[in-house]
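As written, the chain order gives the labels A, B, C and D, with residue 1 at the start of each chain.
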Amino acid sequence: MSSYDVQQVRADFPVLQREVRDKPLVYLDSGATSQKPASVIDAERTYYEQHNAAVHRGAHQLSEEATDAFEAAREKVATFVGARPEDIVFTKNATESINLVAYGLSNASAPGALDGVPSEVAERLRIGAGDEIVVTEMEHHANLVPWQELCRRTGATLRWFPVTDGGELDLSDLDTLVNERTKVVAFSHVSNVVGTINPVAPLVAAARRVGAITVLDACQSVPHLPVSVTELGVDFMAFSGHKMLGPTGVGVLWGRAELLAALPPFITGGSMIEQVFMDHTTYAAPPQRFEAGSPNVAQAVGLGAAVDYLSKLGMDAVREHDKVLVQAALDGLAKRPWVRVLGPTDVEKRCGAVAFVVDGVHPHDVGQILDDSGIAVRTGHHCAWPLHRALKVPASTRASFAAYSTVEEVEAFLTALDRVPEVFGVEVA
Amino acid sequence: MDLYQQLILDHSKRPQHAGLREPFEGEAHHVNTTCGDEVTVRVHVDGDEVKDVSYDAQGCSISVASASILAEEVIGFSVEESLSTYEAMRAMLTSKGQDPGDEEVIGDGVALAGVAKYPARVKCALLPWAAYTDALVRAGVDISTVGGQR
Amino acid sequence: MSSYDVQQVRADFPVLQREVRDKPLVYLDSGATSQKPASVIDAERTYYEQHNAAVHRGAHQLSEEATDAFEAAREKVATFVGARPEDIVFTKNATESINLVAYGLSNASAPGALDGVPSEVAERLRIGAGDEIVVTEMEHHANLVPWQELCRRTGATLRWFPVTDGGELDLSDLDTLVNERTKVVAFSHVSNVVGTINPVAPLVAAARRVGAITVLDACQSVPHLPVSVTELGVDFMAFSGHKMLGPTGVGVLWGRAELLAALPPFITGGSMIEQVFMDHTTYAAPPQRFEAGSPNVAQAVGLGAAVDYLSKLGMDAVREHDKVLVQAALDGLAKRPWVRVLGPTDVEKRCGAVAFVVDGVHPHDVGQILDDSGIAVRTGHHCAWPLHRALKVPASTRASFAAYSTVEEVEAFLTALDRVPEVFGVEVA
Amino acid sequence: MDLYQQLILDHSKRPQHAGLREPFEGEAHHVNTTCGDEVTVRVHVDGDEVKDVSYDAQGCSISVASASILAEEVIGFSVEESLSTYEAMRAMLTSKGQDPGDEEVIGDGVALAGVAKYPARVKCALLPWAAYTDALVRAGVDISTVGGQR
């Protein structure tokens, strides 16, 4: 840890110099969206000032430069998660990435959509009545609602793993829930609320046994942990640029080559076609097939710079730093008996975020008190309403971290939190 | 901070006229989608008079206090008066702090004046009022003569 | 025109100072993507350096600022096209905008999707076998392939207006093509290849007579002409930020309020929901219903700045300037008998782009010769393959303009073009 | 500009061995999706010998010239030799200008060396060659022993 100089990291993030309500900004809402280092902001700017043009199509110099910048970004992102560039699709956010898979699967049932696909692969992609999609109660809405809608479109049935009171996945019914009817098992790598790091291996193994496709929501793991698609063994993985120091407006879908190759397109239009006639169209190979229209080139380039930045820090070091922050938050909150922390207590089992409730005070009011001290946290259901229901709380307050967060910030947060019982007259003993 | 006036804390801890009661002619359930705050409001109108407003409010101190103030400020008044009170509340809450509110019109509602400076909380304060006007509509009351509804 | 100082405009665009192959860049590929003024680049940068946070959800100051910036951008865009902010949806590009409508319509047939929608509106949204979707042969793939796919999903039939040899829509069969089976009439306002400005009024009138929904692809009109949704009378209108001086990664869909209110969601996930349970979800009102996940905030803010920039120039002035450029190109090309211009010859009937062929020389080779002189044009089918087939050319070369293009650039292009017959030995007389 | 060597212009104006002929054992149709260039290539192999390559190329001067050169450089050679020629072409074209090409191996192919500096055109030059290898596969020829295929 001694080599990780967080003050030096902070110097790279212009917004961290800001004051809020005359106090220095303490940004503990990185789980919602992270801040951006100057190198990311500059990468987008340089792209616009020097190279901006349509990619993949121009017969001119600028267009070649833009294409090179875009494809170089794809290579960087691929390397970052241990993937091949051809298997990386740029989307607008992780939500689109997951919808891409869900719509690709329902489109697979349209007439002719799987022509030419090997029958064993086609069989895995076809979903209808009687089939089952399995998710978990812990999911962000982005990895739940698209599957509900896929079920609505196809007649398949949604099933889910429950969550324990301790905020972990309850896998005791694994072999019942994942069965021969299961076509998809979709789950998050790390919970965006309770920070739980879920066990990927048993879920992948169970899905493999029945030939189900695994879809991993890696939004909260990729920014905090070393992540490799080959090690994880999943079939699809979605994550968002804006949560990993990258720009808004860019997400990523990685897919296993044989499945990507077979998956029908989602959004259709220019740049994803092979040949177009008035009455039919043939489609390009991945990743182009899934990148219809003019892509988010500047944002992809920015994400490439973010990945460079994280790689320079080293994801192992980022993970170690995160542990220190989470531990400091857990320790500080444990000293306040009027606070109830959600999720695992062991820092090895969690990362990125700490959510809690103050009984008798609504999280909105907790957040407001913190904001008054310049401390930015998030309150509410954090797009994980069913998880809150499972944990029997209406909502929660969440402090979440990134590579630039400091223990001092955690302490400032804890100190400000002490005003909550004061203002709302809560018993502190 | 001037947001949490003692009056608001009092209303949120001991919400007036809380609970769902019979009889009622209209009921509306509103949700603040950004945070999950929920409120159900029932209205019992008799001719032109708001006989009762009952409610179940699950949410932050601001939305609960606002529901409590709503009940206090409209029960026993005419529908038209209640809608004027709504308009005055709305004007104050959306004034970004320019309109301090008139105690003559909105009573304890003035304690919510500080909310106007926090756009994210304005929705909380308006939630019960929006549910109230919706409940009126469902009770068959014509509220179209009063401007400014969303 | 004297008040339109194009040199002053150019000074605002950093990339225009560039050299390509040791020659000043002459960028005549704005139809593919436009360049960005410093004010747009700076708007994104300021957003990241000062206000970046999650929108619509934070209990903290930064989040409120980010939300204000995002919603202010929506208001600017709305005003720019004569719309209400509530009816403006931010997408990633125009392609997504059109897909949003096409998928919304097929999702309308899923069980329960139109619950609570007034029956006359529901009737318009429900599409199935026997119904017809009408497009034109002139469409960009983005306004053709999504409708082919909608037909594939629903069993509806695709029909289309042909194009005349002169590159205009042939509306002679209007009343046959748009009939009581027609559910959607989708067409472009301005062709991205031949620049033709299509007659919106008769198409809207025909669609209205039969209750069909009109979808206007305004990608190539919004950057060049004053456009007002109320005057046009269409039901949906799609356009792209990156073609109107805005950033990459942002598009717009405008929809008529009653239809937007009834249209089921497309991409689903966080921020577009009302309430989420494991077994069902209810959705928020527009525009949120159609903006799932973390939005492209910085890009929307950049688009707001682009709209400010265009408004300052004045769209009437921009249109007049474009006419001068198109006229100069048409005049210059007319003097070269070895060049065949596609599309209308009357500058009142067209805008933004001039496409042509040199018989005996492939457009790729034409583009290469131009590039060698630092002149960036586009060659190929310009994502409008069927239009090229209709005009009986395999591909074409297109010079396209924006507010910063100059008559001198048009002249440089014409001069460089004269090398084509030289190199390829084409008869010039 | 060094892209349009006279040799390329000649090949593109008078493409050698052009047209689709019989007999053939394998045929492949490839499209350059970015510009719509199309080529159909047929191969007639007899034992280890490439007896004939016939083609229909619709596209720019680079892709047509490349098809013409392809036919010239592989007809009458062994399959293995033709694949070595392909590899040498490919190496030159993707070298970004580092590899000038060996006239001994690729013959008139060296005239396409200038293409390597224009990434967008590399696809054009490779199009007929990719179709050729594809046609070989469809003719039942095992090309797996030769590396570098995409």
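Heads up, the rule we're going with is that a contact is a pair of C-beta atoms (placed from the backbone, for glycine too) under 8 Å apart; a residue touches a chain by one contact, two chains touch by 3 or more.
Here's who's who by UniProt: A, C = Cysteine desulfurase; B, D = SUF system NifU family Fe-S cluster assembly protein.
Keep in mind that what you see is a predicted model, and the values were worked out from it rather than measured.
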{"item": "Greatest separation from chain B - chain, by CA centre", "value": "D"}
{"item": "Cα-centroid distance, chain A (Cysteine desulfurase) relative to chain B, in whole angstrom", "value": "38"}
{"item": "Where chain A (Cysteine desulfurase) and chain C (Cysteine desulfurase) are represented by their mean Cα positions, the distance between them in whole Å", "value": "30"}
{"item": "Whole-Å gap between the CA centroids of chain A (Cysteine desulfurase) and chain D", "value": "44"}
{"item": "Residues of chain A (Cysteine desulfurase) whose C-beta touches two or more other chains", "value": "57-59, 63, 273, 275, 363-364, 368, 379-380, 385"}
{"item": "Residue list for chain B, restricted to those that touch at least two other chains", "value": "34-35, 118"}
{"item": "Pairs of chains found to touch, sorted by chain label", "value": "A-B, A-C, A-D, B-C, C-D"}
{"item": "Footprint of chain D on chain A (Cysteine desulfurase) - complex, ascending", "value": "56-59, 63-64, 67-68, 273-275, 284, 288"}
{"item": "Footprint of chain D on chain C (Cysteine desulfurase) - complex, ascending", "value": "361-365, 368-369, 372, 379-381, 385, 388, 394-395, 423-425"}
{"item": "Parts of chain B lying in touch with chain C (Cysteine desulfurase), wherever the complex brings them together", "value": "31, 33-35, 118-120"}
{"item": "Of all residues in chain D, those that touch chain C (Cysteine desulfurase) in their complex", "value": "1, 3-4, 9, 13, 34-37, 58-62, 118, 121, 124"}
{"item": "Sites on chain A (Cysteine desulfurase) touched by chain C (Cysteine desulfurase) in the complex", "value": "14-15, 18, 20-21, 25, 27, 29, 32-33, 35-36, 40-41, 44-45, 48-54, 57-63, 92-96, 98-99, 103, 107, 110-113, 137, 140-146, 148-149, 152-153, 158, 160, 240, 242-243, 247-251, 265, 267-271, 273, 275-281, 292-299, 363-364, 367-368, 370-371, 374-380, 383, 385-386, 389"}
